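Labels run A, B, C and D following the written order; every chain starts at residue 1.
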């Protein structure tokens, strides 16, 4: 029964991500256009909001190229493995107090751990493409994603420490408003590390347009490429949602349906901030990125943890 | 392998790239091919890069993908018919090639240019410098991933292009500077529009400077990357912002004055370290200095003729050879003409600054990573119409 | 591509499949036409106008056309600039890397016919149509971004006449006067003889 | 520096170069024989011409003329160095050892004129493809791909 339930929520999660990605791409195109003194999509739907409705069928009916020298089976499967973990991790996020699609006692650990499988898929896709630049992109992605797991998890750990539980529902019910200022540094670390996790600008080093053309998915076309994009937007949605729940108390101060709406608004705000950062900052170099992770973010996350731990006995 | 995103690799790459299995030596070298059509080669340049890990051990630019044989074409054209060809040399700064060519023709044929025409030439060429540098600075942003900065610089460039469009009807290939003067006088109201532009441009430059070069990541990406020492800068024949970024105090406008430049008060910005950051910074300040020159030129502009009187329709200078050069946005752009006394050119050679500047790329890129290569290439700001001719 | 081809062929054979095929065609043509992503094959001067086209002032994103550097993700190759003999293999290769269905816009005189570099030169390919199937030609040296915009809209018309079953594609009337085209005579008559 | 001053300066230090110096269209020109070219270039470098602006060649039928444009930052002056070589033996000494800037420029001249530079570290075609036949900027270059422009004037 649990298995069936999980499966159903998995499907729902995939649908959410697909729908969210479609809206997210449109939103990103609008936001970036706004930042760059442009208009962005205008022609299809109000404010061009249905632009992706045109893009998706087009990609679906594109030729599916598998390069001759590629490792064909791996090449074809890799996009699924990229998309899968993101969709899976979504199911543990509580949308309202007392209600999460899948209630898991170690939900937070699950959310932090499962998307890491994506690393393997990205490496596979990069390797299978049999393309030098893809391989470089894949290796860069691996180094980056594994490193940034650490500050990201440490940042979330400070909230876990306050709540005293790894169960997302417990965190949500225990959440107090003063946690937000207390863990704000943690949120910033989580925000930066999440951007690096999802390979988005300014940390889009593995797929850097101006260096590696498209990095690990350079040889994917049509729907297979779209699933990479969908995974990217999916992980952006998931990370924003999770951040809104853990660091900003989900639907707080509202509850019920209004709370869910507020949660969505908070999520969209975080997503917009992610896009804002992407379209403003230049891209650091690989070594600068790594030293930033190990020399700045990780110590800061530890400091946050120490501060929270120091506050804890006084509660 | 002609394009970066190819799936299959040439045999030599297949042997050395990491997907090939066993390393034969302790240092495994990867050969990466960038270009000729790559988003950050600024045209059609191919760079073959040998990597050790991500560090460049050796790189070789392969140029000539836009070699159109303009020098050969010029040999079958009259002196006036070559002017449109020079437009296509440096397509980011067409006015320069026009002017350099016209100066060489004027020297060869002994034509005296009216003063108003000289002033107009200075004005349009300084505007062109702004337009060209906007492209150069913006692409520094695009190379480092700050695409928005490129949009902002390009918006400034569009304003200059609009001024040029009023002047001669074309957005890119102007054919405006002609032997003996310029093709037509300034249209009504142009001076005011130009003043309006120069009034807002320095503040826009400050904003762009803040957005792009003031950014901490951009500084980390640009500073100390691609250092060209002063000695190398001279020995390799670099000029323009590349040489000045390395502290070579050499600007033809001041050191080998031509036209009416001695009448203006301007300074030549110099860099200290010769890295990509200094080169970008020099460009930013040159734009501001250009605004000063334009304002002074507009003040001193007096009515008069814009074409030399009594110029024959068909120029046929006496046999001989002449060379003249001007300071273009990329450096000293020279044109060498040989005449055999007929109405057609005997030989034209364009001394292109971008060609000489690009030659230092292997020197600069060695020891840096692949990510730095695109930044260094961008900071050299080559225009391949001019490099390949 | 295989999936669509099979689907189209199967529907074409099925009795009554034509109805589905027509509506499917309409959907696919609509989506393809509205989302023409560009492969910017900018080599020379026209590349500047190509850049300007997707930047702030002209903003082709309004039409759903965005430039993508990777050929695998694009639909229409915009050849902007002179193609030399050294460059030709690279352009060909990039074209082959683009997934079907794909279109080609020859932007500027150099890409159309060699333009100013038609005579006296030893290294220029006289028009990209010597080796690529060009769908839309834009004249100009260089053409304004508005002309490229027009080309995108023209290409949309052409795309809308296509079908996933090749035999069902509607004929598209060429705007260029072809040899033997009566309009060609008209143009000559209008231009040549004073009224 | 005025061109006459440059002449005096040059004659003062290298009297043997003095008779070869002439003034054309306001530019100082130093015509030397091709055997002496490298020595003259080296002398001029010692004189203060630290920048090599341009290397090119002109096809005069029987002979090629190599043209070097040198510039001096200290003297604010430019000078041409010219040398003629026979068409049958298009070989001349490279000045790469004096100015690295000559590297690409001499490659270009080799590519378009077929003039070999003795002592050049890496003499290959640069602008044209490696398998190109002939040297396009020679006046007698024949290529059936060239369409001659109709004679309008």
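Worth pointing out:
One rule holds in what follows: a contact is a pair of C-beta atoms (placed from the backbone, for glycine too) under 8 Å apart; a residue touches a chain by one contact, two chains touch by 3 or more.
Please read these numbers as outputs of a predicted model, since none were measured by experiment.
The most distant chain from chain C is D, comparing centres defined as mean Cα coordinates. More C-beta pairs touch across one of C-D and A-B than the other; that pair is A-B. Remark: chain C and chain D have CA centroids separated by 46 Å (rounded to whole angstrom). Spacing of chain A relative to chain B, judged by their CA centroids, is 42 angstrom.
Our note on geometry: chain A versus chain C, Cα centroid distance of 37 Å, whole angstroms. The mean-CA centres of chain B and chain C are about 31 angstrom from one another, to the nearest whole unit.
For chain C, the set of residues that touch two or more other chains comprises 55-56, 69-70, 72, 86, 97, 119-123.
Shared contact sites, meaning residues of chain B that touch two or more other chains, fall at 5-7, 38-39, 64, 67, 69, 72, 76-77, 151, 155. For chain A, residues touching at least two other chains, in rising order: 36-38, 209, 213-214, 218-219. Partner chain C is touched in their complex by these residues of chain A: 29, 33, 36-44, 48, 51, 53-58, 61-65, 209, 213-214, 218-222, 225.
On the side of chain B, the complex with chain A involves touching residues 4-9, 13, 17-19, 30-33, 38-40, 54, 141-149, 151-152, 155, 211-212, 215, 217-218, 220-221, 369-374.
Contact residues on chain C toward chain B in their complex (touch as defined above): 41-45, 47-49, 51-52, 55-57, 69-72, 81-82, 84, 86-87, 89-91, 93-94, 97, 116-117, 119-124, 141-142, 144.
Listed in rising order, the residues of chain C touching chain A in the complex are 1-4, 27-28, 30-32, 34-35, 55-56, 59, 61-64, 69-70, 72-73, 75, 97, 99-101, 164. Remark: chain A residues 32, 35-38, 67-70, 127, 129-133, 135-136, 201-202, 204-205, 208-214, 218-219, 279-288 touch chain B in the complex.
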